[in-house]
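Look for subunit A in each of the two complexes below; its partner is subunit B in the first and subunit C in the second.
Up next is the complex of A and B:
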């Protein structure tokens, strides 16, 4: 009797182990939560991210869902999204709602540092990993917060390195001595200004003759340009959002002032948008970052830039009111990181998500370039090259000019 | 730098006179607060963008079209909204709520129709490069905008003081009830003033791409704050006081940008608080207005 019972138990043992190892019951859908800004000053950088994320979700759902390793099957994605209207106060409420009411499985921040800044403490408090699309503010990434990872842009503390390196190297050789820095006072451009100021001062080759912050809402730069010109700088760095750059470049053209080196962030990053509002004549000769939307990286996962552009044009044809630009790449690239994360995570626990995201660091190459995080979750994989907007025939092109390993042309600093 | 800032502020302030002029006219005649004023300015900007994109019309031609169309647009809006509002016990407060709702609707509809991104007009349409005036360099578009603003101010002055309709309008501004008692068609006078107020906002919008870099559906709220600062400083309900308010606003903004640039965006609020605390009737006001 005892032997039969023992044999029966022995027969059940493998079954019992099998039950313990089986995948947990899979949910009917995977809830991804995010915010977007359909209006306000950040709409032009937010909507392309959101629209591109939807392309990725639609692609996955058309394939039956995204593969989730802990459940060992594909699960359809349900996107839960709210409009924060570019308001940090509204965004804070809605991030809380996504976590506590909607109970999303994965949380994606809205685009840009301003609207990400309120998500960082909320995600940390709720121990929810934050997929930070393009909030590059240096203060977001700290040793005591494992619940954040920057997806697309390099962290602002290193992002402007090539600007300073170019001025210290090529600039000094060509007689550039004095630099003016004009920046919008927010997490993103404030950090960029601090970084570039630090790089220039550390090298000690250039003299910063003008260094002023202005509110992000600034829409007229005429008097500021007059004041800058009074200091007679060779190089002017204007660090602002899209609306700031449009107003700055228009006012610069109107002022008749000429500087040998003029830099704006969005002249290259959202080139189509700037070109539409400013015109080629006002942008020609200025410098900007060369974003992934204009640089052909070799991905080891996901589509090439050309393939994604085709999908984008199909989803949002010309005249649809949705502009192509770097932020479109950032949104889709975030989807690709999510896809690899879900395919490799040990469980859906948020620290397991953290481990999976950090496990991709140094291994993943997408259409946005190499993905690498430092210990605090800041993106350090790719520092955006410096480019100059140059006329090629009748077209204005952004030509990578620095560093030499990325350069596809030579900078023209004029006289 | 100081002289440059003062001169630029003077010209920039003339543009902001145009921005606030319509708001003050509407408040002066109807004692209602049109919180959708900035959104009508935005629509003027989009109208100029559309007219240029579709027909290649320059801003000055667009301004004339906007003047006519927006004035006509104001008439039905007035009759639909304002008489019922004025019949209410607290029409000023209710007007804030109602026009705030209208502002949200206009912004939402424009966003749906045109998208949220920036729209602008080529700078060359109002001349490329600076103009030298009294030894100071100014963008030529600023000069055009200031001239149009001056023309609008003179036009409003002539309308109020040199036409019969203007005399009736001033009568309504002094006392709506007494004007009604003397047989003045108060609603007709008010409707025309409302139309003109909206048209002035629209014309300011035509030049917004040149003065503010670009227009988006969301610029209305920020414009309203600046416009309120201008008209409160200049005197609420006194359209011509707007000139003084606009110039003070423009000069103060340019001085702030020159010497305290990081704090420039608090200027409208500072001006509002300072005037309300020290001289609530406005710089040209004779006594405290009783609401």
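Up next is the complex of A and C:
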């Protein structure tokens, strides 16, 4: 009798285990919520991210959906998105809308620090993990907030390390002594200015002869360039947003001033956009960061840069008005992090999502380079090599020149 | 002797909105959208105090809002004040600014409107100055996550709105309110009739500024992370002005109608199809200016009905 009961129990055991381990009922679709800015000052950095994210979603849906481990199956993605028109007040309401009304499963912030800033406390309040694409504001990442992870941009303090190292190393050897820093007073560029100032002062090899912050709305640099020229610097670092860099480079070309080292953030980061608005002649010889959009990293997950570029060109052919650049890579890369997160998370609980994202840290390499987060969720894995825009034949190319292990060419500092 | 029935009717309408916005919090979960409604209801009525009753239209009304937001932030960051004390400091910051800007009341019409806008812009530039980073955090924004309390701050915002409504009802039904309207219509005649023009304008100006300052303070408390651009965004002034004009100034009902209708439309279609929204918004405002210059309430008032 006892034996029969035991056998019966043994027969039921796999079934029981099967019941206990059965995946919860899968939803018909996975809701991903995000915002974008089709107009206003942040449209130029927001739309490429949004457009690239849509490419990733279309790819996954074409494959039947994205694999979600807790349900052990592929689930189609439904993108719920709203246009915040670059307004933080509108964005705040819409983030709330996504969380409380649309009840999205995953929340992705709009591009840049300003439009991400309002999402940080809202996500924390609702215990919703925020996939922060490129909001690098230092105040976002705190020990008491586990509901945020920075995907694609390194924190602003890391960006200018190689500019300072280059000037202190190669620059000093080539006679560069005096540096001018001109920056737009916003979170992103202001933090970079503070960081590069700190690096240069710490090394003590260069003299900062001009250090000026100007409003981000500045669109004419003529007087500022005259002021800079009066201090006779060898190197000029202009740290601004796309619009600032366009105006600065145009005014620099018109002024006829020559400096041995001129740096802008978006000369390389959004090269196509600047080429269209400024032209190759004004950009030639200037320095910039080498973004992932122009540097072929070796990914261990997802497509190579070349493969993604082909997908991008197919989705947004020339003349469609959508420009290729670093932000396109950031958007797609965010999709890749989502994909790996969903494939590894223990459940769809937001802390489990947090654990899955942080579990990728140090292990994931995408077309955007290494992905690594610090304890507070700030991105510290990505690197920003220094490049110079050099003519190669008839084309202007951004050539990585520093640090040596990433260099693909030699810097020309002129005389 | 004011008509008690009229006052009761006015207060009844105010109480209805206050109760509706309080109850809505438990029914509708997009708290920030509700908060924005409460904030614009308060700001529109605050603007109504100075524009509706005295005829002064401050385009730079957002300056008081921003001053309140930063008054709150500085009190929390540097004095470690509890939120309610910081809110009082926010109101005080706006009051001090209003006293400093009081000489602007010597101007009138477009000159006053533009001068107030310039003053708000000047204040923004001072607060966003990178050299004041240690004090205001400059252009890099403030984070007040330590006092973040969306539920409590929502109900405090409703309380501020209730007090503002009560002020408007008082002005609608008091001798002082009547004297303000007399000043608006003809300051010389009002002065000759014994009305203290300077005192009347000054009181309305200060009350209006404190309301904006308290709104700014509670907004800072509610969102907790913001940049100078966020709280000095001229959109606040534009919205408050348009809502007030659309519904009809000098009444309690007008700004309420303006906010519920226009901000409702904004959230219904402005988010999904912003291009159509701008077209519709523009057409609505043009139509109003052409056919109903005194706002929607004038549809009733010109037929002899009294609107609260």
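Note that in this section the second predicted complex is superposed on the first by the 397 of 415 C-alpha atoms of A that agree within 3 Å, B and C clash if a C-alpha of one lies under 4 Å from a C-alpha of the other, contacts with A are read in each partner's own complex, and residues count from 1 in each chain.
Basically, a residue touches a chain if its C-beta (ideal position, glycine included) is under 8 Å from a C-beta of that chain, and two chains touch if they have at least 3 such contacts.
Keep in mind the model is a prediction, meaning the values are calculated, not measured.
In the superposed model on subunit A, is it clash or fit for subunit B and subunit C?
On the superposed model, which is not a single observed complex, subunit B and subunit C clash.
So, does A:218 touch the first partner subunit B, the second partner subunit C, both, or neither?
It touches subunit B, and subunit C stays clear.
Once chain A of both complexes is superposed, is A:185 in touch with subunit B (first), subunit C (second), both, or neither?
Touch partners of A:185: subunit B and subunit C.
Have a look at where A:198 lands relative to subunit B and subunit C in the superposition and call it first, second, both or neither.
Neither partner.
After superposition on the shared chain, which partner residues are touched by A:76: those of subunit B (first), subunit C (second), both, or neither?
Neither: A:76 stays clear of subunit B and subunit C.
Would you sort A:226 into first (subunit B), second (subunit C), both or neither based on which partner it touches?
In the superposed model, A:226 contacts subunit B only, not subunit C.
In the overlay, answer first, second, both or neither for which of subunit B and subunit C A:44 touches.
After superposing on A, A:44 lies in contact with subunit B but is clear of subunit C.
Can you tell which stretch of subunit B bumps into subunit C once we superpose, 59-67, 95-103, 167-175 or 185-193?
That would be 95-103, the only stretch with clashing C-alpha atoms.
Would you please give the residues of subunit A that touch subunit B in one complex and also touch subunit C in the other complex?
Common interface on subunit A, subunit B vs subunit C: 38-39, 85, 185, 213, 215.
Help me check something: in the complex, which residues belonging to subunit B touch subunit A?
Touching subunit A: residues 1, 4-5, 8-9, 12, 107-108, 111, 114-120, 122-124, 128-130, 137-142, 210-214, 216-218, 222, 254, 257-258, 261-265 of subunit B.
Touching residues of subunit A toward subunit C in the complex: what are they?
Interface residues on subunit A, with respect to subunit C: 38-39, 82-83, 85, 87-90, 92-97, 100-101, 114, 117-118, 120-122, 124-125, 137, 139, 142, 144-145, 185-187, 190-191, 213, 215-216.
In their complex, what parts of subunit C are in touch with subunit A?
29-33, 36, 125, 128, 130, 138-143, 145, 148, 150, 223-227, 229-230, 233, 235, 267, 271-272, 274
Spell out the residues on subunit A that touch subunit B in their complex, using ranges where they run on.
Touch residues, subunit A against subunit B: 37-41, 43-44, 47, 85-86, 185, 212-215, 217-220, 222-224, 226-227, 230, 242-243, 246-248, 250-251, 253-256, 273, 276-279, 281-282, 320-323.
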